[in-house]
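Okay, so chain A shows up in both of these, paired with chain B first and chain C after.
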Partner chain A sequence: MEWDWGIVGRTFDLLLLGTRLTLVLFFFSSLLGTVLGLVLALMRMSRFRLARWSSLFYIWVFRGIPVLVILFFAFFVVGRRMGLTSVQAGSLGLGFSAAAYIAEIIRAGIMSVDPGQSEASEALAMTKRHYMRRVILPQSIRVIIPTYMSNSILVLKVTSVAVAIGIVELTGITRQLSNSTTRPIELFTAAAVLYVFLTTVIVVVQEVLERRFALKT
Partner chain B sequence: MDWDVVWESVPLIWKGAGATVSMFAWALVIGTAGALALALMRLSAAKPLQWFAIGFGWLFRGIPLLILLFFAFFALPELGILLSPFLAAILGFSLWTAAYQAEVIRSGIIAVDPGQSEASEALGMTKAHYMRRIIFPQGLRIMVPPFTGNAITLLKQTSLATLVTVPEMALLTQRIFSNNFKFVEPIFVLGMIYLAMTSVLLIVSVAVERAVSLKV
Partner chain C sequence: MNALVQVTGLRKSFGDNEVLKGVDFEVERGEVVAIIGPSGSGKTTILRCINLLERPTGGRVEVDGRVVCEELGDGTMRFAERGDVREIREQVGMVFQRFNLFPHMTALDNITEAPKSVRGMSKEDANARARELLDSVGLGHKADAYPLQLSGGQQQRVAIARALAMEPALMLFDEVTSAVDPELAGEILMVMKRLAQQGMTMLVVTHEMSFAADVADRVLFIDHGVIVEQGQARDVLTAPQNPRTRAFLHAVLDRAPMAEDDESTAGAGEEAGFGGSDLFSERVATDPEAGPDDG
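For the complex of A and B:
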């Protein structure tokens, strides 16, 4: 068969439109996932049993169920009742899923800080809220960044599942274009290149952040 | 939520469990064999083998799994390779598994103290021999937790096969959406079945970890 790589150039505007939607999903699901993940991580380490258990339960459920099923729920159940658009429902579902993983990453980072730091802060009469924010969290950031960023790559790739609830992000637009032009090889290769480009950007950001938060000695 | 609909949905969705489990099992077996080969290539002295393994990992871990599945399903026929949806899905899942598990196996092997290899060489063992009898058994202990973690991810990701028309559990659930216009109940059932399956795998992984741990 004949290759026709020109098809990528002719459909590039549409592919970029899909990429933009991928980035929108990535941004909102990361935002929701990080905020909720931080809350879950703090709940998990709270002294109230109810808070610990509900956080543990959330993490068990959301990590035990495929993201596809979470998206079905967000779109067909939550989205319909609340009248959300598919992109809103998709961001919600992806964000709630990401939160479960991010919670564990943040918790591991916080626990990696020497307990002597909390003890010393308490000896200095700081409140827990105060020393968590000023002493523990800033130190844990260094441990959190690498795992958080490699998780972000997964979050980016998993936005492709949103095609299952009819969102025409990069994977969705590629599938449509490949059906209408019968050029699947060229188009899926182009989509793969775009994804690899985006994940490479995340890796570069990770390098920059790691350097910025590294201990200055 | 209507519990009658829940109970009606269970057998309809459960019919897809066989496809889910067999995709998982095939991809795990084929992917792990590939991962072992890739890990050994990565650790070999031959540069082209190293590059191949690095390139493979970079490519298949950088691209969303769904794109791999679509490529196998839509693009391979254009190249004259016509796979059934089931085989296309297994191909995609196996490539994914090979790429991720190769990293797990490799990091397990390099985590073993190099003194162990040196001592084995000093005892006149061949590389093939001490890799198999000395290094690998010790690396196994480090590999088990991330390996089972990836296996659980794989099980969940078999749900994506619905998008390449494999009649597994998620596809049968979508069939209930369109036939009965019911959503909450079938999604609840599907979620519970997956949660049960991943929880069983979690228990198995703890048992395996215990089985390979150092007995002191």
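For the complex of A and C:
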């Protein structure tokens, strides 16, 4: 069989269109996942039992269900009822799923901060709200970054599951193109390279952030 | 006027382990009280019960006429409301064994954070006050340094300045020289001694016997969660009545006997010492007695 790498060049515009949609899903699910994850993490460490239990329940449920099933729920149940587009429903489902993992990553980061830090803050009469924001969270970020960014790579790649609810992101467009051109090897190789490129960007961002948040010694 | 700190029947258990078994003492305004005793005797827990970093399981604590906690008739504890606890904590500065400076903030920001957020001080006022305090602990030139760029002795002096920035009525010192290299303990003790001379009320958990002898008005000897002996510092340290106090002092002082007229932590850095930091550090470096080995 002959290779035809020219097919990649001829379909590149479409592949980029798919990549764009992948990035849209990644952006909105990361945003939702991070905001919700932070709230869940703080709830799990709250002094109110109800908050702790709801957070625990959420994390238990959403980590227990496959992303694909969550996505079907988001699309067929939530999306249809609220009249969402498939991309909106997809972002919602992926974001709700990511939040459960991000919550645990943030909680681990917060717990890694020396208890002496909150004791010193308490002794200085600061409110918990204040010292969480100014003392604990800034220090936990250093610990959160590596795990969070590693999780981001997973979040990026798992957007490919959105193909199941009809979103033509990078994996979806590649599959359609390979069906119509009978060049799956070339096209999926191109898709793989694009995915690796995107994850490389995440790795570079991680490196930059780690330097930025390193403690000054 | 009432004593600044009144502790009555203070008890604290961690699970089945009763660390404090009924402790009574008072600290008058302007008084320096040293708490000494073997490790695990409950010294640190006493301090932490005063600003409610630990919640006592029995007894009563009062600071400046305000009830921190009290045991009710049925044996349950009533604690000050959250807002009241914060107001009490504004009155009570604490310095920790392991400094607990905020490592992501400069020395200056460490000091200004609480005055700005808790007391609503303007940034300019807080900065100006913080620089004064840094000067007074001999670290005026380290305002922009981060904690990990400082020696243990310097970090602890920043921590003292941080606590003082809240203008507390009482300072709690929890073995503040135990985590620094011996040759750096002297610079911390000098700051504390000067603070005592300025009339600060201080409750000091310490292993520095010569500091206790030199600076403290009174000494409490704690063992197994009770005050075994208390009295004038000189009396307790040089003529202990209780056999357990004698055994403890013997064990501690055996390693480095305490001279009757010990001037070691007293002498250095007194008159001019803290004004210029260069002069200050030079004095520490060249004063062979500035270390804690003397006690």
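Keep this in mind: the second predicted complex is superposed on the first by the 217 of 217 C-alpha atoms of A that agree within 3 Å, B and C clash if a C-alpha of one lies under 4 Å from a C-alpha of the other, contacts with A are read in each partner's own complex, and residues count from 1 in each chain.
In this text, a contact is a pair of C-beta atoms (placed from the backbone, for glycine too) under 8 Å apart; a residue touches a chain by one contact, two chains touch by 3 or more.
Just so we're clear, the structure is a prediction, and the values are computed from it rather than from any experiment.
Student: Go through the superposed model and pick first if A:216 touches only chain B, second if only chain C, both, or neither.
Tutor: After superposition on chain A, A:216 lies in contact with chain C alone.
Student: With both complexes superposed on chain A, which partner does A:77 reach: first (chain B), second (chain C), both or neither?
Tutor: The answer is first: A:77 touches chain B but not chain C.
Student: Counting residues of chain A in contact, which comes out ahead: chain B or chain C?
Tutor: Larger number of chain A residues touched: B.
Student: Could you tell me if A:157 is touching chain B, chain C, both of them or neither one (first, second, both, neither)?
Tutor: first
Student: Quick check for you: in the superposed arrangement, does A:123 touch first (chain B), second (chain C), both or neither?
Tutor: In the superposed model, A:123 contacts chain C only, not chain B.
Student: Which partner chains sit in contact with A:139 here, chain B, chain C, both or neither? Use first/second/both/neither.
Tutor: Second partner only, chain C.
Student: Touching A:208, do we find chain B (first), chain C (second), both, or neither?
Tutor: neither
Student: Determine, under the contact definition given at the top, whether A:114 touches first (chain B), second (chain C), both, or neither.
Tutor: second
Student: Across the complex, what residues on chain A touch chain B?
Tutor: 1, 60-61, 63-69, 72-73, 76-77, 80, 157-158, 160-161, 163-164, 171, 174-175, 178-179, 182, 184-185, 188, 191-192, 195-196, 199-200
Student: Enumerate the contact residues on chain C facing chain A in the complex.
Tutor: So the residues of chain C in touch with chain A come to 51, 53, 86-87, 89-90, 92-94, 96, 98, 100-104, 113-114, 117-118, 146, 148-149, 159, 162-163, 166.
Student: List the residues on chain A that touch chain C in their complex, please.
Tutor: Residues 114, 116-117, 119-127, 130, 134-135, 138-139, 215-217 of chain A touch chain C in their complex.
Student: Which positions of chain B touch chain A when the two form their complex?
Tutor: 59, 62-67, 70-71, 74-75, 78-79, 156-157, 159-160, 162-163, 170, 173, 177, 183-184, 187, 190-191, 194-195, 198-199, 202
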